[in-house]
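For reference, chains read A, B, C and D in written order, and residue numbers begin at 1 within each chain.
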Amino acid sequence: MNTPIAIEIVMLLAGLLFVLGIVGVIIRKNIIFMLLSVEIMLNAAGLAFIAAGSRWAQPDGQVMFIFILAMAAAEVSVGLALILRIYHQHRSLDIDKLKEMKG
Amino acid sequence: MILVYLIGLLMGGGVLALLMGQWNNSLPKWIALCTVSTGFILLLSFWIDQSRIMNTLLPETWMMEYRHDWISTFGISFHLAIDGLSLLLLVLTFFLGILAVLCSWKEVKERIGFYHFNLLWILAGISGVFMAMDLFLFYFFWEVMLIPMYFLIGIWGSENREYAAYKFFIFTQASGLLMLLAILGIYFIHGSNTGNYTFNYFELLGSDIAPNVAFWLMLGFMVAFVVKLPIVPFHSWLPDAHSEAPTAGSLILAGLLLKTGAYGILRFVLPLFPGAAQLVAPWAMLLGVIGIIYGAILAYSQTDLKRLIAYTSVSHMGFIMLGIFAFNELALQGVVMQLVTHAISTGALFIMAGMLKERLHTRDLRLMGGLWTQMPQMGASAILLAMASLGLPGLGNFIAEFLILLGAFKANVWLTILATCGLIFSAIYSLRLIQQVFLGASKNLDPIQDFSWREITLMASLLLSIIWLGLYPQPVINTVRPTIKKLEELFLIEKEYGHILINNKRIDSLPEKNVRQVKTELVPSNTHSYVR
Amino acid sequence: MMDHLLWLIPAFPLVGFILLALWGKHLSRFWTAIIGAGSVSLSAILTLFIGLNFLSSTPADGHYSQTLWTWFEVATFIPKITLYLDALSLVFVFVITFIGALIHIYSVAFMAADKDYARFFACMNLFVVSMLLLVLADNLLLLYLGWEGVGLCSYLLIGFWYENPSNGYAARKAFIITRIGDTAMAIGLFVLFYQFGTLSIPDILALTPTTWHEGATITTVTALLLLAGGVGKSAQLPLQTWLPDAMAGPSPVSALIHAATMVTAGVYLVARMHVIFQLSPIAQMVVAGIGAATLLIAGFSALTQYDIKRVLAYSTISQIGYMFLALGLGAWTAAIFHFMIHAFFKALLFLAAGAVIEALNHEHNMFRMGGLKSKLPVIFWTFLVGSASLAALPIISAGFYSKDQILWYAWASEHGNTTLWLIALFGAFLTAVYTTRMLLLTFWGDAKTAVSHYPSKLMTIPLAILAFFSLFAGFIELPHNFGHLTLFSDLLHQVLPETILKAGIHGELLFQLLAMLVTFGGIYMAYILWYRKPQLTEKLKQSAPLIHLYRFWFSGWGFDQVYQVLLVKPVVFIASINKNDVIDKFYQGIAILMVRLNRALSFTQSGSLRWYIIGLVVGAILILSIQVIL
Amino acid sequence: MLGNNFIALSPLLLLAGSSVLIMLLIALKLSHRTIQFASLFLFVLAFSSLFYAHDLFSHPIEPLLIVDRFSLFIMGLIIFSGLIVNILSYIYFEEKEESPKEYYVLLFLCTLGACVLAVSKHFISLFLGLEILTVGLYGLIAYLRARHYNIEAGIKYLILAAFSSAFLLFGMALIYLQTGSMEFLTIGQSLHSLTSLPPLFLTGLGLMLVGIGFKLAVVPFHMWTADIYQGAPTPVTGFIATVSKGGVLAVLLRFFIEIDGFRFKTLMLILISIAVVSMIIGNLLALQQKNVKRILAYSSIAHLGYLLVALIPGSTMSLQSVCFYLVVYVITILTAFGILIILSTKENDADDIESYKGLFWKHPLLACIFSVALLSLAGIPLTAGFVGKFLILAANLQAGFWLTAFVLVISSVIGLYYYLRIISKMFSGRGGVLLKEKRAYPIFYLISVIVLLTLTLFIILFGTYPSGLMYFVAYFQFK
């Protein structure tokens, strides 16, 4: 058996990833990168679930992680389709150009 | 059951008018006229019937009651009842209702069906307000009359109608919601005290509320009523609404809608929170006096005929506030008289403003003048109405104002003296009105028709009632006497109670007991024998 | 039996009013005249009938009364529509109906050319009704009805020729100024009600001596409040300014309302409520003081006017000042006597002046009249009689007897003193001066304007009747050193107390001689100034101090200007700056605030996704920090 | 036991099966009309299966789901909304350029997701339900893919939803870490003895609130609402406003009650402030808005605020008032969007306020229906909205929450203005730009109008005689 890594450290990593993801979403202008950053956040959450599952020695955390993966995949597929349309319409992936509706 | 029929009649008539209006333009008028007249005749016959009893034996306070469960989980019932005050105001409602239909006979030319629908539904809402003895139901009717009124102003009003309609609606709605909070407050306090959760007016009368809570709840009620009346800092919706509304709208606003505020104070604020009412009485009277003078000064400066009349209403409503919070029979009778006479005289002035607008296509006083030459009949009626408005003895308004002032004099000498000075201002603006419109050199050279026969009927009925009320108001006084007496009794005892309350001493059990006793006397004792 | 006919006195003109008001447009002039003048004449005849009956068999309790119906009944306040006729009201009713009828008859011819013939008679009839109710009222509320009713009619008739805005202004001024007094009076009624629990005049008068002490504050306050009402109606200081302007109305109106009857309502009120005044020496003094000051001030103003009707108006104010003086002196009967005599000669003067004005094609300016002595002989002679009475020409005129009585009491009565007497005497001198001036300017000298109309019989006969009374009505009350006849005061002493004289006063004759002297002096002075040496007058007028004085007097001692600055301007100013209602601004402010907030918030809805994400994150941080902090 | 499970889950199974069935039907190249009718039938079937499932009293399917009266009630509401949206969709999509058939598949999936939310009692099911709903919505929002607004709305929603889901998930993970369970009840039990919440749990809860708050579109997570409402096809907007919010609110309610969140002051404070701010800002934002869809978006922010206010006292009456108001809100908002759908044209959604000018004089019936809906949203008596607000106020005052009640009153007064603005536009002079009747599909037009009319009658019925609905709500009340 490997020496168990302290749960706090894993959570810290997860938290770090999560914040990284947030920052990524905020500062990136390219839609694809925003999507990517969101994926990072989702994975951070997944990591947290796994850590929590291991703390309670339950499979639930890992189950949840698999669901998250599936959902992320679905999301990305829809997202990419939309991004294609956007590129088709705007010839750009700059999110700041998508401001037609406001007020 | 008559009470339910009355409301049903109006609502049904309204729907019928709306439907008939789709394919015929004159049918809705006749439907509306028939509906309101039927109601009027019903009520009048009942009143005459009752007045016989009134003169012979000691009259019972409550004349008729109808009750049916509505939302029983909340203790809400469809509970209508009338006493003299309600009856009188109902008669007034239907009387002015007939006139409202008549005065829009020619004025309204499009969407006639919808117009009369709104008109009748306003009347239904107002009638409901005057009859409801369940606080929820009261609030319900209180709001029901707003929407059609909003449409009436917003669709058939003059140039600035939308602004006026919004203003009217938002003012009344805001204050109404505060009242709803207060209603709920008293509901839960009563419920938690007695375990009987109910909106029934008669049961809530006996509820014990801690003085400081009662004060806030009373303010909740007062806000709604004071905005409706309106009393001075809350009056600013009124000139706009009155001046933009079509004639019938102004008539109903001035004649009836404002009266619901006064009715609310008499029916709910005073009996439910006698102690708190006592506390605020000096301030309320002060507001009333400020209203009298402020309204009069503003009325003087207006150049728009209908705005001028609207501000006179503000001034006259100040008298009502003054009278109500004097808490004695003289003043309260005066208040009721003022309700009736102001409705008639100001309503008539608005009708006249409408007639002038029809003829001259303007409400601007600066463009009028010298109309007497062409319209002596209208001029004479206008003078009579202006005299009523300035409180000339022999006309109903004088008796109202004199009684109010006489009663208020007992309660507060200096405020009454100030209020009496309002009579001077009322002379100033009334005479200015006459001068600007009818006297002076004629500015209008086109031939103008004097009264038509329809208009003569309209005016004559109003003028005769105002003279009748000025010379022999006893029927009105007799009708409301039981109600007023009960109110006054409440305050005769409450006076000690309030005094103790102000001094923050422990309330003695004796006066409190008396209060409870009187409060329960307000509840119909053997109404069942009187239910018809 | 006569009790039951009482209601008919006001009922005749009331019916007349109703008929004329409703169908006046469709009636011919003939029928209008019949109804208008006829109804009042019927009242007059009925009054004579009832009056004779009253005099011949005075009822035991000294009055007739008739309750028509209970006006209303609230709590303990039960005013009734009750008519009450005693000696005092009989005098007034007589004057109102009798002179009223004469003036109505005169008006039939005078107003003949006017297009609003029916309206005129309707208003006049309504006035007579109101005035009758005022004097016949059994309670103060009904009196107040009449009181305000006459105010309304006065308003309507002053502004009768409504096309001219200045007439309308005069009418409103009259109404509003009298209303100020009325308001004070209304407050007086409130006080009386709470003191006595009733507004019935006989009850109050009966209760007062037992309820109130002499000189108590409440008594004085009440008396002064009532007095304020009287001062407004009777155009006494400081509310006198409306009456000269009120001359804008037709001359018969001025004669009936603004000379003979309505303006003396204040006198009636004080006399009616004399018990209260008797209990308050201060109030008594104020009444006398107001009367004295008014008679002097108005006398000076009358001296400077050029409009014949304004002279008469100021003279009316001045003469009512005499009546108030008499009331203040406790010379109740003297006041009422002067009222009656004044009603005769002043109505006469106004009607005659009206005839002159009409004859000269609506010329009001006396300086453009002149020489009418021969052209309008009837007018001249009647006017002369009236003037003699006004100037109190000794022995032969009725005015002498009534005024002399007041002068005598100013000296001799309990409340009298030298100052008051001197003022009254000087007033008499002024009266003589301005009366003579008026007479000279109008009827002597050269004709400056041609006569275009000649008065008809319908106009001259009433003048003659009035002239008769102006000369001979004085003989029913003669001084005790000169015939000693007290028919009039005997009658009134049923109601009003006797005048108490100071102990040990003698020499009435001396005072009478002094009064005569003053009168003749005045006449002579006027003769010098405006007939013999008019250029001297002109010169005097131009001299520096006098011209200012002249203007000051001419403008009615600057009261109008003072009121304009102190009262009218501020109110108008406040009204005009606040036309759009400051309070409304507050609500508009709320609305504007909401709109601003809306704009600011809309700005956050920028459409930028990254902005939204930042919003989300900020929200998350906020929530987390709230949790951390708490 | 197993049979019972099937009975209990029958609505979910039916919905899932329907989506597959519709997919197959599409493969058969059936017409739009057939598919519409088929899906209508399937919705009705799913709805009626609720009555079948109703016989079971509180049937848990361990560990994820529970079918009890409350969840049945919410499911009923969701499926009902789906049904209405389904009916109204035909006339909207038929004239659009996109083939509308796949739309129905997504509709079923989203409804399924919302229903799963309603029955979930576990984080996993919560997450699953939420994602089924959300992913489906991406497709629905961007359905008219040739249109800029649709795509823009789609991508905005996608990124924001995924972003907020991450918050939700991270929060769940933290709570799981703290309590060792993902089942609501067990979480609640582990907190039972505590008087204040542990910080980890609090943080987790806070993050979860971000996710939930986003879905409910309450301030400060509201900014997407207007854009998505405006960009999405109108039936989808109606769907978001009702189904998605209803499902999320149901799960929030269940979670809150299971962990008995009303005990914790901090939590309540956060909820109260969210509610208060939502009411005020939502109404303020709509004040001068000229786009009707955006107005309704902002108004829905405020209405979610009202619903949260209703939730705050946590008493029986408050839960009843939440349910009552939810029903009222759903019916009302569907009616409003129904009108928008009927008035939309091929090119334009009827979302410009100017185009409503004089509507009353052209289509009195539609204008009346719309007015009733707006008045109900404004909370004017005679309409159900008033009774709903009344109940909320009553619940608050009963528990002594005067402040929230007061703010509710004030904000609804502000809100009054923009509802009135639309109404007075409809009743003002003749004119108006577009708004022609859809002559092309008379049957569906008629059906739609009849449906809206029925809904309107319900609004008025609940407004004048609310006892029935009150009993109903009390019967299906949580626990």
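Basically, a residue touches a chain if its C-beta (ideal position, glycine included) is under 8 Å from a C-beta of that chain, and two chains touch if they have at least 3 such contacts.
By chain, with names taken from UniProt: A = NADH-quinone oxidoreductase subunit K; B = NADH dehydrogenase subunit M; C = NADH dehydrogenase subunit L; D = NADH-quinone oxidoreductase subunit N.
Everything numeric in this text was worked out from a predicted model, so none of it was measured.
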Chain at the geometric heart of the assembly (C-alpha centres): B
Which of B-D and A-C has more C-beta contact pairs: B-D
Rounded Å distance between chain A and chain C (NADH dehydrogenase subunit L), as computed from the means of their C-alpha atoms: 97
Centroid spacing, where centroids are CA-atom means, of chain B (NADH dehydrogenase subunit M) and chain D in whole angstrom: 43
Distance between the centres, which are taken as Cα means, of chain D and chain C (NADH dehydrogenase subunit L), whole angstrom: 79
Chain centre separation in whole Å, for chain D relative to chain A (CA means): 27
Contacts with two or more other chains, residues of chain D listed in rising order: 155-156, 159, 163, 167, 226-227, 289, 417
Touching two or more other chains - residues of chain A: 25, 34, 95, 98, 100-103
Two or more partner chains touched - positions in chain B (NADH dehydrogenase subunit M): none
Contacting chain pairs - touch in the sense defined above: A-C, A-D, B-C, B-D, C-D
Residues on chain C (NADH dehydrogenase subunit L) engaged by chain D in the complex (per definition of touch): 594-595, 597-599, 601-602, 604-605, 607, 609, 611-613, 615-616, 618-620, 622-624, 626-628, 630
Partner chain C (NADH dehydrogenase subunit L), residues of chain B (NADH dehydrogenase subunit M) touching it in the complex: 167, 232-233, 235-236, 239, 297-298, 300-303, 328-330, 333-334, 370, 372-373, 376, 380, 383, 387, 392-394, 398-399, 402-403, 405-406, 409-410, 416-417, 420-421, 423-424, 427-428, 431-432, 435, 438-442, 471-474, 477
Chain D partner contacts - residues on chain A that touch it in the complex: 7, 11, 14, 18, 21, 25, 31, 34-35, 38, 41-42, 44-46, 48-49, 51-53, 55-56, 58, 60-61, 63-64, 67-68, 71-72, 74-75, 78-79, 82-83, 85-86, 89, 95, 98, 100-103
Residue ranges of chain B (NADH dehydrogenase subunit M) in contact with chain D within the complex: 70-74, 111, 136, 139-140, 143-144, 146-147, 150-151, 154-155, 162, 165-166, 169-170, 173-174, 177-178, 180-181, 184-185, 187-188
Contact footprint of chain A on chain D as seen in their complex: 123-124, 127-128, 131, 135, 138-139, 142, 145, 148-149, 151-156, 158-159, 162-163, 165-167, 169-170, 172-174, 176-177, 180, 182, 226-227, 230-231, 289, 291, 294
